[in-house]
Every structure is written in structure tokens, then in C-alpha cells.
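Just below sit the structures, each encoded as C-alpha cells.
Here subunit A shows up in two complexes: once beside subunit B, once beside subunit C.
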Partner chain A sequence: MTRFLFNRLVQMIGVFLVISMVIFMLLVFTGDPIELLLPPAAGIDQIEAMRERLGLNQPWYVQYLKFLRSALRGDLGTSFYFHEPAIRLVLERLPASLELVIWTMLISTAIAIPLGVLAAARPNSWYDRGVLLGSLVGISAPTFWIGIVLIALFVVTLHALPSSGRGGWQHLVLPVATLAFYRIALFVRLIRAGMLDVLSQDFIRTARAKGLYERVIIYRHALKNTLIPFTTIAGIQMGGLIAFAVVTEKIFAWPGMGRLLLISIERLDYPIVVAYAIVTAALFVVINLTVDVLYALIDPRIRYE
Partner chain B sequence: MTSWITRPLVVAGVALALLAGIAPKNYAQGRPVIIAASGDAETMDPMLTAISTTGSVQRHMLEPLTDNDPDAKIIPMLAASWRAVDTLTWEFKLRSGVRFHNGEPFNAEAAKFSIERARDHPKSLQKAYVNLMKDVRAVDETTLRIITSDPSPDLVANIGAIFMLPPRYAREAGDEGLGRKPVGTGPYRFVEWVRDERVVLEANPNYWGPKPQATRVTIRPIPEGATRVAALLAGEVDVIEGIPIPDVPRVAKTRGFKVLRKQGPRLIFLAMDASRDRGGAHPQFSPGIPAGQPNPFKDVRVRQAFYSAINTKEIVEQVMGGAAAPAEQILPPFMYGYNPRVRRPSYDPSRAKRLLAEAGYPNGFTVRLDVPTDRYVNDREVGLALVGMLSRVGITVQLNGMPRAIYFPRMRVFDTSLQMSGWLTLISSINWTAMLGCVDPKTGYGRANYGRYCSAELNRIIDVLNTEMDEKKRLAAFYQVAEFTRQDVGKIPLYFEELIRGVKDGISMPVRVDEYVLAHEITFK
Partner chain C sequence: MARSLRASPTAIAGAVLLLALATMALFAPWISPWDPQAQDLSRRLVAPTWLAGPYHLGTDAVGRDLFSNILYGLRVSIVFGVLSLVISVVVGVGAGVVAGFYRGRVDSMLMRAADMQLSLPFLLVALAAAAIWGRGLYKLIVVIGVIGWAEFARTVRGSTLAIREKEFVEAARALGAVDHRIMARHILPNVLTPVIVLMSVALPRVIVAEATLSFLGLGMPLTTPSLGLLIDGGYKYLFSGAWWPSITPGLALMALVIGINLVGDWLRDALDPRLYQRR
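After this line comes the complex of A and B, so read on.
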């Protein structure tokens, strides 16, 4: 296990290097933010001076090496617009993003597992078809549209919930519902397909032949075996949500990381985008690691040597 | 009062107070107001930003020497009066008895400190406003003299961009402190700032000017326009900045709410490559014209033809939903130097065809039109409308839309033959200098001249705009540039975007052409 963790750590450093380099190249080839940064009163002479001061007139590999050198000292750069360390700006917003994501994952899983299990238990029934159709809608509906419809209904018409911002649980309801919509649909399909697969296997027939209760077969034997692929996808979804709940965070003015990413990409605030990519990569590494450990807990046959 | 009346009131009050993030005890002091802005401030340091949503937040707490009224007219603020002593010297008389929120006195030393910080701070984004100010002198408590390196007729307007800071606090707090907690002379004092959630301000009890009616202000950044509208209609906020055009009729029709609108100063215009002779690969050739073909835009008749072929009225009505005004010239009518005699040519496709034939293009030609897709209101749709209009006179237009992060860096290196962009300043000479001055790193001209149009004659008149201290001669030069450009078509002005605000009934406030939304300008009915 220690060796496994050590290997993962080495991999992680490699991932950081590759990601930061790719992002850097992409950004430098896109262009620089000076046009958007300086006020209209500034002439083109000042644009050149600014490019020079920020080192943006150098080739990408020079800029990248400089970045690496200060990164080794723990400095991932300073935002062009906020004039604060980029990593601090990103991490400041992590708790808000996590709050949104954890609730979304809890609620999606809590709803999706029973729905999916029941559908698999009675394949091709009316209930099963209803769940499939509903999940198709959930997967296809664009996030933006769901968010706006929820706001129109619960905020403007019913005056039941706040439109946006962060605060009490009321502020969580709409953004979590918006994000959960797709996840519930996805998870229901995963659980259903996984269950159907497992239920057709020999050990389930054995269990039935032994005369076990159907409930025990489904929840104890079948569901547990379905959870392995489900955990993988849920982990990926969770990472994706923390980093890229961009649309939802914008609609509901949620003060999370996605909103910062959006505005930083629009304004070419490189240091934030790079710091963001690194934080995101770290998140995924941690989540994947957790998923691997969960595997071993769920399925005792899995061992890491 | 009986409890069945008071209880709901108290509940409503507490709810409002919680929404605003304030303790109920402050509620009694006056009327609070919640403003939904389109974005949060990046920093509270006034010298390190050039973004209007940020300036708008800061302006509640910080004040400049000169200001502009809601219609861009220059008015006194912390400077009570000013005069040009000679062509290189300006003298400002400052208000006396004004104090910063921390008790520091506002005086000529503080003004000198603030101007020099804008000029000399390595990260300052405001150098453009003050770089001609060679020497700033505090003559006495209330007299400030500024010696410029060149004649600077726009100095009074430029200095309005610089917010005054208390020197002692600035030194003690450092950049970090100034960026997080601003101290100024303004009508509001800083209370708290929760990034991306809210900025809270309270009325400054010692304010030197008229006391604001809105005593407690919360500014909430809500980036999505549809959500801002929902927040207004649900009664969560009192004022919203920017209503998406499709939502305007809905807000106007809903009882209890009003839409405030005004023609803004942001010009949307077309620029044509006026420098390269042939089409082909960028940068040597003009990238939007088929390789080997001559560049038609070098011929003034082609530029005039494009001017006549574009029906701005139709764009304004059909694409912009009426939320724009056709541009007669580069400047909007409310700005200094607008020439009332210069009108845009009337929409006339047959004249356009005739001009194209005279220029040797009876069957038109093919060109790529570059537009941003996320920068201006309905920018992509306006691009589509232009494709249709130009096709009616035989021009085949390939529309090339790009997100702004890609668009502007490409425009900056002139990777375009025909492009649309917008421009906004409230200083008239900068508009001409940036849009039509010959691109030249020595003069700094041509910042927004992506077509690299260059006329030696026009450039000379633009020099006059930037240096002439005599009002009459200068105004004549402004009239002249507008007439010249109408004939030579260095740019095709299209329209000015409208500024749109939504407010609750009972709230009055001017719509400001500098795009600021200022709580101290609110009056309650």
C-alpha cells in the first residue's frame, strides 16, 4: 500500500508538469490580456511597455521556465486583475464549491440508488420504462435551461427561494437541484445496467437456489457488486463538479471556483487558469486515490501491492 | 400597533436584514438598498484596476478631484475649481475641511500622493491618465499645481479617473491593505467585502457633501442577466445593472418595477484593412481577402459603398430590440466635440452598388468579417445581419465569430481585413486618437485602429485635439475630424449601445453614461 501511494505521488508530479505546460502553451498561443487589462486611455506604446513588464513578450518556454522556477518556491503567480496570489484566489473559493458538490452527490446518490435498484428488479415493467424515460430527459436537458426554469418557477412565480448567492440552506436548493438533475439521471442508468448485469450471474442464481430472500439478494449481493463501477463514475463526476460547475455557479451567482475560472478564461488571467488546472489535477488525483481505496473496502478481493 | 400588524413587519424586516447580511439594529437608521451588479470588484485599490464594475463599487467610498455628471459633463468634486495658468501648468483649488474616513485630512499633499501613486506605482493601470504630469506640487493646503511635459487640454478630464487616497493609511496598510479595505472621502464607508457575494457600505456621517438617502448599501454581484432580473422581480434587490434585451418588456410591464434606459457612449463600429495591398496569409497580406486579390478597401469608394449598404436603423430595431441608437459619427451626441452637422449617409443599396461598380467591383467581392461573440450585446447576431445586408449589394461575407479572449489578441496584431468592435471612453480626444490615429508606438496612437487606417491629414488634426489649449481652435478641430471621417470613411460607425437598469418603483436614479451605478444618487419617493 505504501509503495502504491508513493507511485501515485510520483505520477501526480508528472501530471502537474504536463498539465501546467499544456495550459501554458494554450494560453500563450491564444494571446495576452493586455488589450482587456489596460484602460482605453492607454496608447499602444503603453501596451508594449506592459507586455514587457509582465514578461509576456517572451517565447512560451521562457515564460514556462520562469513559472516553474517560482512554482518550486511555492509561488504560482499573481493574478493580473486581482493582484493577489492566484493559488490563494482559487483555494478561497474551494469551500463554496465543495459545499455545492457534496450536497449534490449525496442527494443524487440517495435518490438514484433506490430508483435504479427498483428498476432493475422489475425490468421492462411500467416503472422501469418510466425511470428510463425520465433519466433520458435528465441527461438531455441542458444545465442552463434547468437553472433558468427553476428560477422562473421557484423565485419569480412562487417567491419560495432566493434567486442566487450563498447563505442558508435555502440558497443551496436550486443550484443543487440543477446539478443533481443530470447526476440522478446518469446514476440511475448506471445502477440499473450494473444490477441487471449482476443479477444474471451464477452466484445470484445460487443465492436464489439457497432460498435467500429477494431483498437480501438484491441489496446484499447484487448492489454491492454494482457499486464498484458506480464509485468510479461518481468519483469522476465529483471531481468534474468541483472544478467545472461553471454554468450553474454563474446562473446562481454561487461564489465558487467555477465562476472564477469562467471570468479568468474570458479575461486571459493566465496565473489563475494555471493555478486552477493544478488544483483541479490535485483534486482528481485525490479523488481517484480515494476511489481506489474504496474499491478495496467494497470488494475484499482487490489488493494493492 | 397591534401585534398582527407588527409581527409580519418585524418578520419582513428581519428577513430583509438577513438577506442583506446586516444586523436588524441598523435597519432603523435609514433606508437600505441592495444593488445587483454584473460582477464583483477585483480589488479595492483604485490604481490597480480599469474595469468599470470595480470602479463603480470603489466610487461609493473614494472620490476624484474632478468628476463627470451622469451625462459626461465635467463637474467639480474634491477640487472646487481649476484653471490653466499657462499651456503647461494647471492649478486646482481643493475643498477645505474634507476628511478621509479614518480622520486624515484631505489636502494638496494627499492629492499629490494619490496622483503620484497612479503615475509611479509599478502595477498602476492608470498611468495613461497621468503620464504627462511631470511635476505635481502642493503649493499650500488647498492649492495643487500640475506641470505637464506637453500641453494637456484633457488634464481636467483625465484627473477625474484618479481617486484620492489618504497617504498615511496607504503607507501603513500597504498594497495588500488598500486592495482589501479602502479608505476615502466618499459618501459611504467600507463595512465588509465577501468575495463574489457582497460588498456592504454604510453612509459616512461626516460626509462633506449632500447626505445620501440610501444609508446602507449592499452590492451583490450576479453575473447572469436572467438571474438579476429574477432577483429584482422577486423583490430581493432594489436596483439591477443591465437587463438582457428580451427581458426588458417583461420588467417594464410588471407592476412595481421600472426600466431606466439611456443611450450609452459605447460605439460599435466596423474597421476595414486600409494598409495591405493584397489578400493572402497574415501578416504580410490581408487575411480576409482571397489570396492574390487586390485589397478593395484601399479604395475610398468601396468604403463609402459599405457605409451606404448598412441599414443601421434595421439593425437597431430588428437585432438590438430597440436598445441602441444609430451612430451619426464616432462620438455620441452628449459628448464634447460632437459635430451636429455631420450625419451618417442614408441607407442606399443602389448607391452602394454604383460606388462598387465605379471602383471596379460590379459583381462585388468576397471578404471575411471577424466579430467577437461574447463581448457586446448581440454581437454575433449583428454580424449575421451585416452578412445579409452586404450580400444585397453583391458582397459575399464569410462570418468569423470568436470568443473575446481569442478575438482581441488577434485584432491587436491586425489579423483581419474587416472587423467589428466597440469602443468607449468619455474623453472625446481619446476616441479619435485610438480609433483613427495612425498606428504608431512613438505617439501611442491607434489603440483601436485594427484596420490600420492612416491619413496624414487626419492625423495632423488629431494632434491638434491632443495639444491645443485654445478652446475655440480645439472645438473647430473636433468638427473637422468628424467631417473628414464622414468623407474618407476611416471607420464605419454603426450604433451606440443603450444602458439599461431595472429598479423598484419609488426609486429614482440617473442612468450614468460612465456605466457606474451609484447608491448616493438614489432618491426615494
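After this line comes the complex of A and C, so read on.
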């Protein structure tokens, strides 16, 4: 297990380096932030002075090596726009984004598991069909559009909830609902399919033959075995949520790192874009490792060599 | 297969929906009552007049007819989805067959790249790539297409590994067939079933990704009629009571994706009931 974790960690650091390099190089090869940073009337010497100060006049590999050297010291450069350390700007906004991601995961699993289990317990019933139809709509509706529909309903029509910013729990409701919509639909489908699969296996027939209560069979025997593969998919989805949070943060003006990323892409503020990529890559390392460990803990049959 | 389609009313509903939307998109220049790009500031945010016309679904913030724009937007979505999916399949299947057939170094390099990419969510990779390479229909088709290679490559590589050991491959080799002929004639046809299933999962994802990127301002240029751009342009007017410029284009997009998903679900069941949807 230790060895496995170590290998995974090394692999992830590789992913990490590649991401930083690819993003850094491509950013250097595109767009010039100078035009956006200085007023249009700025003279040639002013532009040159700015280039010199930001190190933009050096070849890309010198820029990258300098970047890597300071990155190892925890310094990912200074934002062209805010004139503050990029990594700090991103990390300051990380809790707001994580708040969305974690609440979404909790709420979607809490809603999806009972819905999916009940659907699998009575396949082809009206309830099952209703759940399937609902989940079809859920996986087909684009996340950003769901956010807009929710604003139209709950903010513009009902005046029930705030549409932007971060504050009390009321501010969380709509962004989390937006993100959870797709996840609930997907999880319901996966739980239902997994349960149907497990319920058709021999050990369930044995349990039935023993005369166990259906409730015990479903929740103790079947659900437990369904949750094992589900953990992996939930982990993948948690990573995906970081991407979808970007969209949701735009719609609800949520002060997270996704919104910062979008603004910074527009401003060609690439230290922030790189810092965002590094922080996100780190999040993935943590999420993937956690899923691997959880997987081994839940299922004693799994041993990492 | 035809019989199983008749046996599944949801698949028929999906196919009809998909066919209707595709036909409308195909004949957009003849069906749409207005030029989708024609702006008329004196007629901005006109509420839908439904069947009566002249603006069946209303107009947007710069006075463009929404119905016409949605028709052209569907067209862009479909063309975008199909073309970038073709690129994903060509690159992914090609890489997968080569990796599985030759194994060794090529294989481990390709698969490591695929694993690395698959450890990141699709939308995030797409977002990064779009941010770097910039806007534009064809640029984005290529970028999103290439990004989609990994799942195809990994699946096809798995099937190739199994098939290259089969007797008929050995027979072909004994008859003197060269590598590329074996790959194209004997291996390729036998690894395509899971590819079709994967395509049905990838198509909605690609279409939604285009809309999402366009919504974020990282996708289509402003002059392209894209559903994502329409929604982006419209949602700021929710608070002035105009719901139609943002809600209606999204409904069209959702209908398209529902159609694809219904047909895709049926394809999955018909081709291989054991294949599991990954995300």
C-alpha cells in the first residue's frame, strides 16, 4: 500500500510538471499582455520598460526555468493586474470554490442514493420510470443553462433567493442546486444500474432463500456492493466539478477561483492562469489518492501491490 | 437491431426528436423567417409572438430573431459535434490500434499520455485548450476533437490486445499480410463495437462543451450563431423580465442532447449490455 501510494504520488508529480510546462509554454506563445496593461497612448520606451520589468523579453525556456525555480520556492509569479503573488490570489479564492464542490457532492449523493435504490427495488414501476425520465433530463441539460433557469424561477419570479455573491446559506442554494442537478441524475442512473446488477447475483438469491427481509437484502447486501464502484465515479465527478464550478461561479458571481480564472484569461494575466492550473492539479492529486485509499478501505479484496 | 428499436418506444421517441431537429437544422436557410445576423435595435427584446409571427420566439437584445438563430445554432452544434467526434475517433482509434498492435514503447507512451489526460476532467482540458488557442469554429472543432482521443484510444487498445492473439490474425500473417493491412483489415473491424457505444457518450459531451465554452466567451466568435453564445447574450436580461433570449436556446440544446442520449441508451443496450457508462 505504501509503495503503491508512493508510485501514484510520483506519477502525479509528473502530471503536475507536464501541466505546468504545457500551459506555461502555450501561454508564452500566444497573446501579449502588454497591450492590455498599458494605456493605448503609451510610448515605445514605456512598453520596453514594462517588458523588461516582467521578464517578457527573454526566450520562453529562460522564462520557464525562472518560473520553475521560483515555483519550487512556492512563488508562482506576480499577477500582472493585481500586482500581488498569483498563488496567494488563487488560494484566497480556493475555499469559496471548495465550498461549492463539497456541498454539491454531499447533497447529490444524499439525494441520489435513496432515489436510485428505490428505483432498482421496483424496476419498471411507475416510480422507476419517473426517476429514469427525470435523470434523462438531468444528464441532458447543460449545467450553465440550469443555473439560468433557476435564477429565472427563484430569483426573478419568486424573489426567494439571492442570485449573486457569497454570504449565508441562502447564497449557496442556487449554485449548489445548479451543480448538483447533473450529478444527481448521473448518480441515480449509476446506483440504479449497479443495484440491478448486484440484485441479480447468486448471493442475493441465497439471502432471499434464507428468508431475510427485503430491506436487509437491499440495504445491507446489495447497496454495500454497489457503492464500491460508485466511489470511483464519485471521485472522478468531484474532479469534474472543479471545471463546472468555473461556469457556475460566472453565473452566480461567486467569488471563487474559477471566476478569477475567467477574468484572468480575458486579461491575459498568465501568472494567475498558471497558478490556477497548479492548484487544480494539486487538488486532483489529493482527490485521486483519496479515492484509491477509500477504495481499498471499502473493499478488502483490493490490494495494491 | 431493427426489431429491438421497434421494441423500445423511448428509442423511437429519441430518433424522431433527433431526426426532426437535424432536419430543421439542415434546412435552416429555407425555414428561418429572418436573417439570423440581422440586427434591428428598434425591435430589441420583443416577446415571443408564437404561431402568429413575425417573431415566433421573440428577439434578443440586439433585435435578432431568436427562432432563426436557434435553427442556425442547432446547425452549428450538430456540425461541430459530428466533425470533432470524427477527429476524436480517427485519432483515438488509430492510436489505440497502433498501441495495442505494436505494444512496447509506443504503447506505454501513448497510454501514459491517455491516462494523464483522463485524470483531468474533459471540460477543464477543453477550457485550457480553448483559452490557449483562441476562438473560431474550425480551431475549436480540431482542439475539442483531438482532446477526445484518449477514451477511444484506451478502449480500442484493450480490444486490440485481445484480438491480435486470435488465430485469424496469425493466419493473415502466415499468408504474408503486412502490418498495416492486418491492422486495417483484420483488427479494425473487430474493435469497432465499443467505439460506437463510446461515440454515443462522447457526442452529447462534445456538443455541450462547445455551448459551455461559447457561453464562457472562449468558444465561437461572436458572429457565429452558437446556442451557447445566444444564452450568454441573453441571460443578462433575465432581470428586466426577458426570459426568452436565454431559456429558449437552452431548451433547443437540451432537446438535441436528450435525442442523442435516448438513441445512445438504446445503442448501448443493443450492442453490448455489459458496457458501463463511464461518466
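By our rule, the second predicted complex is superposed on the first by the 288 of 305 C-alpha atoms of A that agree within 3 Å, B and C clash if a C-alpha of one lies under 4 Å from a C-alpha of the other, contacts with A are read in each partner's own complex, and residues count from 1 in each chain.
The criterion applied here is as follows: contacts are C-beta pairs under 8 Å (C-beta built on N, C-alpha and C of every residue); 3 or more make two chains touch, one makes a residue touch a chain.
Only a predicted model underlies this, so the values are computations on that prediction, with no experimental measurement involved.
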**Request:** Following the overlay on subunit A, give me a clash-or-fit verdict for subunit B and subunit C.
**Result:** clash
**Message:** For A:Ile102 in the superposed arrangement: first (subunit B), second (subunit C), both or neither?
**Reply:** neither
**Message:** Contacts for A:Ile151 in the overlay, against subunit B (first) and subunit C (second): which applies, first, second, both or neither?
**Reply:** both
**Prompt:** Is A:Leu94 contacted by the first partner subunit B, the second partner subunit C, both or neither?
**Reply:** neither
**Asked** Thinking of the overlay built on chain A, is A:Ile265 touched by subunit B (first), by subunit C (second), by both, or by neither?
**Response** both
**Asked** Between subunit B (first) and subunit C (second), which does A:Val273 come into contact with in this model arrangement: first, second, both, or neither?
**Response** second
**Request:** Examine A:Ile228 and indicate which partner it touches, taking first as subunit B and second as subunit C; both and neither are also allowed.
**Result:** neither
**Request:** Please work out whether A:Lys250 is in contact with subunit B alone, subunit C alone, both, or neither, and reply first, second, both or neither.
**Result:** both
**Asked** In the superposed arrangement, does A:Ile242 touch subunit B (first), subunit C (second), both or neither?
**Response** second
**Request:** Please work out whether A:Leu289 is in contact with subunit B alone, subunit C alone, both, or neither, and reply first, second, both or neither.
**Result:** neither
**Request:** Can you tell which stretch of subunit C bumps into subunit B once we superpose, 111-119, 183-191 or 219-227?
**Result:** 219-227
**Request:** Overlap the subunit B and subunit C contact sets on subunit A and report the shared residues.
**Result:** 30, 148, 151-152, 155-156, 250-251, 265-266
**Request:** Sort out for me which residues of subunit C touch subunit A in the complex.
**Result:** 116, 119-124, 127-128, 131-134, 204, 208, 211-212, 215-218, 228, 231, 235, 238-239, 241, 243, 246-247, 250, 253-254, 257-258, 261-262, 276-279
**Complete:** Within their complex, subunit B touches subunit A through residues 18-19, 21, 39, 42-43, 45, 48-51, 122-123, 125-129, 131, 158, 161, 175, 179, 194-198, 220-224, 226-227, 230-231, 233-236, 374, 403-406, 408-412, 423-425, 427, 430, 433-434, 439-448
**Message:** Taking the touch rule as given, give the residues of subunit A at its contact with subunit B in the complex, in rising order.
**Reply:** 30-32, 34-48, 53, 79, 81-84, 92-93, 148, 151-152, 155-156, 159, 162-167, 250-253, 255, 259-260, 263, 265-268
**Residues of subunit A touching subunit C in the complex** = 14-15, 18-19, 23, 26-27, 30, 136-137, 139-145, 148-149, 151-152, 155-156, 186, 189-190, 193, 233, 236-237, 239-240, 242-244, 246-247, 250-251, 262, 265-266, 273, 277, 280, 284, 288
